[in-house]
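So that we are looking at the same thing, I have put the structure below in structure tokens.
Order as written gives the chain letters A, B, C, D and E; numbering starts at 1 within each chain.
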Amino acid sequence: MSHYQIEFRHAQKCYGENIVLENINCQVKAGEFVTMVGASGCGKSTFLKMLLGTESHSKGVVLLDGEDIVAEPSPDRGIVFQKYSVFPHLTVRQNVAIAKEFEGSPLLGRLFGNRRKQALDEADKWLEAVGLIAAKDKYPHELSGGMQQRLAIAQALIKHPKVLLLDEPFGALDPGIRKDMHKLVLELWKKYELTIFMVTHDLNEGFYLGTRLWVFDKTRHDPHAPNRFGSTITFDLPVGQTDAASFKSIKSALKLNESETDINESLMTKQANAS
Amino acid sequence: QAKEDFKVCWSIYVGWMPWEYGDKSGIVKKWADKYDINIDVVQFNDYVESMNQYTAGEFDACTMANIDALTIPAAGGIDSTAMIVGDFSNGNDAVILKDGKSIKDAKGQSINLVELSVSHYLLARGLESVGMSERDVKVVNTSDADLVSAYTTKDVTAVATWNPLVSEILSMPKSNKVFDSSNIPGEIIDTLIVNTKVLEENPKFGKALTGAWYEIMDEMQKSKKVRAHMGKASGTDLAGFESQLDSTKMFYKAKDAVEFVNSPALKNTMEYVAKFSFNHGLLGDGAADAGFIGIETPAGVFGDKGNIQLRFDPSFMEMAAQGKL
Amino acid sequence: MKRWINKKPSRPLAIVLGILPFILLMALYQWGSEVRKVENPNDKLLPSVSQFYAAIDRLAFTPSKRTGEYLFWQDTFSSLKRLLMGVACAAAIGLILGLITGAIPLIGANLNPVITALSLIPPMAVLPLLFIVFGLGELSKVMLIIVGITPFLIRDLYQRTKDIPQEQLVKAQTLGANSFQLINRVLLPQILPRLLDALRLSLGTAWLFLIAAEAIAATEGLGYRIFLVRRYLAMDVILPYVIWITFLAFVLDWLLVKTSKKVFPWYHAAK
Amino acid sequence: MKRWINKKPSRPLAIVLGILPFILLMALYQWGSEVRKVENPNDKLLPSVSQFYAAIDRLAFTPSKRTGEYLFWQDTFSSLKRLLMGVACAAAIGLILGLITGAIPLIGANLNPVITALSLIPPMAVLPLLFIVFGLGELSKVMLIIVGITPFLIRDLYQRTKDIPQEQLVKAQTLGANSFQLINRVLLPQILPRLLDALRLSLGTAWLFLIAAEAIAATEGLGYRIFLVRRYLAMDVILPYVIWITFLAFVLDWLLVKTSKKVFPWYHAAK
Amino acid sequence: MSHYQIEFRHAQKCYGENIVLENINCQVKAGEFVTMVGASGCGKSTFLKMLLGTESHSKGVVLLDGEDIVAEPSPDRGIVFQKYSVFPHLTVRQNVAIAKEFEGSPLLGRLFGNRRKQALDEADKWLEAVGLIAAKDKYPHELSGGMQQRLAIAQALIKHPKVLLLDEPFGALDPGIRKDMHKLVLELWKKYELTIFMVTHDLNEGFYLGTRLWVFDKTRHDPHAPNRFGSTITFDLPVGQTDAASFKSIKSALKLNESETDINESLMTKQANAS
């Protein structure tokens, strides 16, 4: 058995003729924080879905704790999407407690009396952790976008997942609120020793948060059949060791044609915050 | 095999309102109890639907006119017996023109009526009486529920229908009755049709119904209150109901009904009816001629003796006449 | 000068404008009625207001001579009972089948084609068959309503179930939900307010089928009375009944809206 | 083991599953028909397949004895003509009124209450009045369809017009549009695909009213034939007609979808 | 007549009991670039709507070129919203040309033949200006978010408005694309000598783009009746002259509790770009 928590070996994913990802090879240890960037449509979400189990790989091997990954979502892998992650018909507390109810009541998924109280109490603990305890009886539509994402994170954590998957979790948030969320995620990551995979469109964010930054891109292009070749992981940077040349090529891969001089600085800042 | 629970259906028409009274007043129940059976009396608003239900086997007996008894249950393979002959239409069915005084004036007009019904038959007989045929007019199928309001429109210039629609229409200005069932007395007969097989196996059922019927007849003839009740139930009042009764030859006495059924005229009537039905394709695809379905009357059988599906049987009414029920 | 599309009526003006067409319609009726009365004083088609009044008084406030009952209220009660029973059953069937076909792809693939085909059949055309299958008692009238609106409900709720974001289903599974828990705790509660929406849409059709059913076999009910007196062209009874049915339809619709807003605040706020 | 909600049937399995219920229904019918035939060989309620075949042959492929016409095709042609005319008129009225009430608040305030009230009236109950107003000819059948579906279309398109983002209206005005230009160039083209959606929803009701209208007064048409032969319970004719109507309804629906996708690609892509 | 293009004098806006803006006093000259920030719901959009004419002020005076402002949208004030600014049923060219069609055909708003060709040609000129000419026959749904906003800008400019109003125009865009848009807006602003009012949630953006930054906030609070007092313009900064103290208070007004050390730098960069 390997000592890696996640391992991809020559994994490929295609939808019919359309090869989205190919030749994916990577190993991730427990406790790493992997951020992923790449052009739109290059397959980042698809990669997360393979980890999550909602899509199965077409070729190769994907291992979780050394075993073939279960191609179905399960409580050992938590997820936060950009939108629709929380249940609109439940209050904040119920949104978190529902995981406990699923656990305790296999038939109806609904607890009563004392057991229900226990579940709600545990939910409150997690709401405390993400700073939502004051809004515990509100419905999601009464929350701001940032609070909804906090709720989605609390929800994901109550099941103590081995791996936490984040698909552009802060993409729809205002810059100010986004900063708060970064702080929260780093805190939780350290406190609960999570393995985190996070997709982002914001290269700054990728550098700031991760211990490791992956760039997804195509290595081969066929201009007449754009779907013939898939993306792969073209850069795998232990963050902090970025040299000027690779930085430039990441930027061109992401097609950011504006100068982002502040990135190197945020790298410094991050080192201070994260370690 | 003998059974205990029976279902009778009837629809709203002057000659069949007694069943409503019989049901409400408990007379039917009284007679059913006497013969130790249960009879469920069900009202229909839609005449055609009631016959369809009977033909489909949902009911053991149903009220209908002689022509419909031939073309619906009998043609549908349900051997049926006209057990009670309650009345014949004596002006209740009529052809009415807006412009024109005689049925000859109908030539070339559209005539709104319920196609393939007694009205259609009446129209055919009317045209025949002046040497015309259906080819001389255009028949437009119109549902009975809407005939009265249809008549108020300009598009409709001629109708053939039955009561109470006839009296409603005649009360409107410029309506001329040019032919009615009193011109062909005894040809449009309102009966209670009973499934022959059920009747054979359960004579009690026939006895109870016949007994009840003539007790109702008795009360109806004597009591204005009973007639007022029936009028109300049919959506009109005493005066309206009695004017409908005026154009109906009710057989209040069983004796009169027996006499009517036994007369040889009935066989001729049914022959007319069978021919009309055959000409309109109502006897089914297998019918080679009007006599394809045998009709048994006391005066003899019309048509195929090997395929008798409709029987006029006065025996129960005779029992009533002799007070044997 | 503002553009027409920017001119918004003030509240009182809006009310006046809204009432105007009703007054016009009434005046038009009154005029038509008088014209016909001049031609034929016994005209039944457009009765005068006093005739309406007499008819309403007779049916609603005078006990029937025959049975001592107030026909109007009895009709209303019977019809409403049938309507509500029919709609309730249809809602239950529509909810269960819509939810299950929407949630479980295997069952959806199995039942959707046949449900689509059934929903295209005009129920009026198969009335005789329906009566044979369901008999003629109270059941048949309720059944006709059910047959009339259930296919629509199933298809609508199927679609609404499918519309629930995939993300929520995935999330629930990562929280350990099995299929049944997921349907019970995630899909069902979110479909309920949508069921009320669908019911609002199908109430009109339900009334149609109720009236059709009562026209064929019944001994009381709003539709029955209308069909009974239609033979006599008693518009003095028919029109008040029609207005009453319209009013009842309006009240039912209003109740559904209110209930939905009260019970599912999150649904209405999120829209 | 996958959860039930995650099991998706493969294409061939989906087809087999989808056809299964139809086969079951047919088998059930066959069985019911045979049982009844044993009891009464002349039974008309559930005819055998050979009887259907004979009836179809007689109506569709043999000229009628009386008129020399092919009844089935004549019925189909008449009914389709009425249906399409009715739906087209209703669409035109619904489009114009929906658009105008939605775009111009003053007209909306004026007409919406009365349209809402009218849409709640069950048209079946006011048939006599409709006859008076529209006569009993071809027009009346078309009118019944129009009366039956137009209120729904107006209300739906009113809502759809209101749903167009306010931002677009403001933008058009900053580009110098007056009210009429705005309706003509911004609202109308965006409402057209929504009109097709609304028509799809109301086609079922249109068929219902067509059949009802033909049942009341007609000399040919699919609904006419069904109600005529209902008089002698000729299910061998009724059932093929019902299946044919269902098929026609399906084809019309399919045509609307195709047309919409073809003519309004931007509408379907944006959804 | 004043020499200001826009002037507010003691303007107030309330919805029923709810006072949104009060005591608004400001003067703006032609050619200024005003960026506006403020907490969510404080009335920034409402301010723009008063300028646009879709909402009229409840009290005070609002002048455009010294005249009372017309309380209805008109071609002298262009607008770009965050979403729904373009017509989905028209191609890119038609979206821009429609303004010319409104002008040339008062009844139908539709041109034919030669005049139509002229309108399309002028549209192409503007598409060139915003860099969309390659996509001129596409429908909006085929464009990315950034391209849609470019289109909305081209649309607004074809009528040569005196004032261009932007309500969070780049709020829904990815950071990389946002930078491109900044460049475009600054270019167009200089080239066509526009007066621009732009609402943003991103303080960085506000500093980077504007010649003048306004902060909207309440000066008085009644905790029991939060709607009793409205917001007003609490800071009016000619950008470049920000001192540390006022910068801090802006941040606290916006409730950004994360350090944004890079703002001062972007101020520098801006000066280089914008002037």
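Assume contacts are C-beta pairs under 8 Å (C-beta built on N, C-alpha and C of every residue); 3 or more make two chains touch, one makes a residue touch a chain.
All figures in this text were calculated on a predicted structure; none of them were measured in a lab.
Moving step by step between touching chains, how few steps can get you from chain B to chain E?
Between chain B and chain E, the shortest chain-hopping route counts 2.
Chains touching chain A and chain B alike, please list them.
C, D
Could you run down the chains that neighbour chain A and chain D together?
Output, common partners of chain A and chain D: C, E.
Just curious, how far off is chain D from chain C if you go by their C-alpha centres, in Å?
Centre-to-centre distance between chain C and chain D: 18 Å.
Where the centres are mean C-alpha positions, what is the separation of chain C from chain E, in Å?
Measuring from centre to centre gives 48 Å for this pair.
Return the distance between the CA-based centres of chain A and chain E, expressed in whole Å.
So the centroids are 35 Å from each other.
Among the residues of chain C, which ones contact at least 2 other chains?
Chain C, residues with two or more chain partners: 3, 6, 45, 128, 132, 173, 178, 182, 230, 233.
Give the residues of chain A that touch two or more other chains, as numbers and ranges in rising order.
Expected reply: 72.
Taking each residue of chain B in turn, which ones touch at least two of the other chains?
52, 56, 146, 148-149, 152, in rising order.
Got a list of which chains touch which?
Contacting pairs: A-C, A-D, A-E, B-C, B-D, C-D, C-E, D-E.
Please give the residue numbers of chain D that touch chain A in the complex, ascending.
It comes out as residues 2-3, 6.
Mind pulling up the chain E residues that touch chain D in the complex?
Those in contact with chain D are residues 52, 54, 72-75, 77-79, 81, 83-90, 98-99, 101-103, 105-110, 139-142, 152, 155-156, 158-159, 161.
Can you check the complex and tell me which residues of chain C touch chain A?
Per the stated touch rule, the residues are 165, 167-168, 170-178, 180-182, 184-186, 189-190, 264-267, 269-270.
Okay, in this complex, where on chain E does chain A touch?
40, 144, 171, 174-176, 179-180, 182-183, 201-204, 254-258, 260-262, 265
For chain C, which residues are in contact with chain D within the complex?
By the definition above, chain C touches chain D via 3-9, 13-14, 17-22, 25, 45, 103-106, 109-114, 117, 119-126, 128-129, 132, 152, 169, 173, 178-179, 182-183, 204-205, 207-208, 211-212, 223, 226, 230, 233, 235, 238-239, 241-242, 245-246, 249-250, 253.
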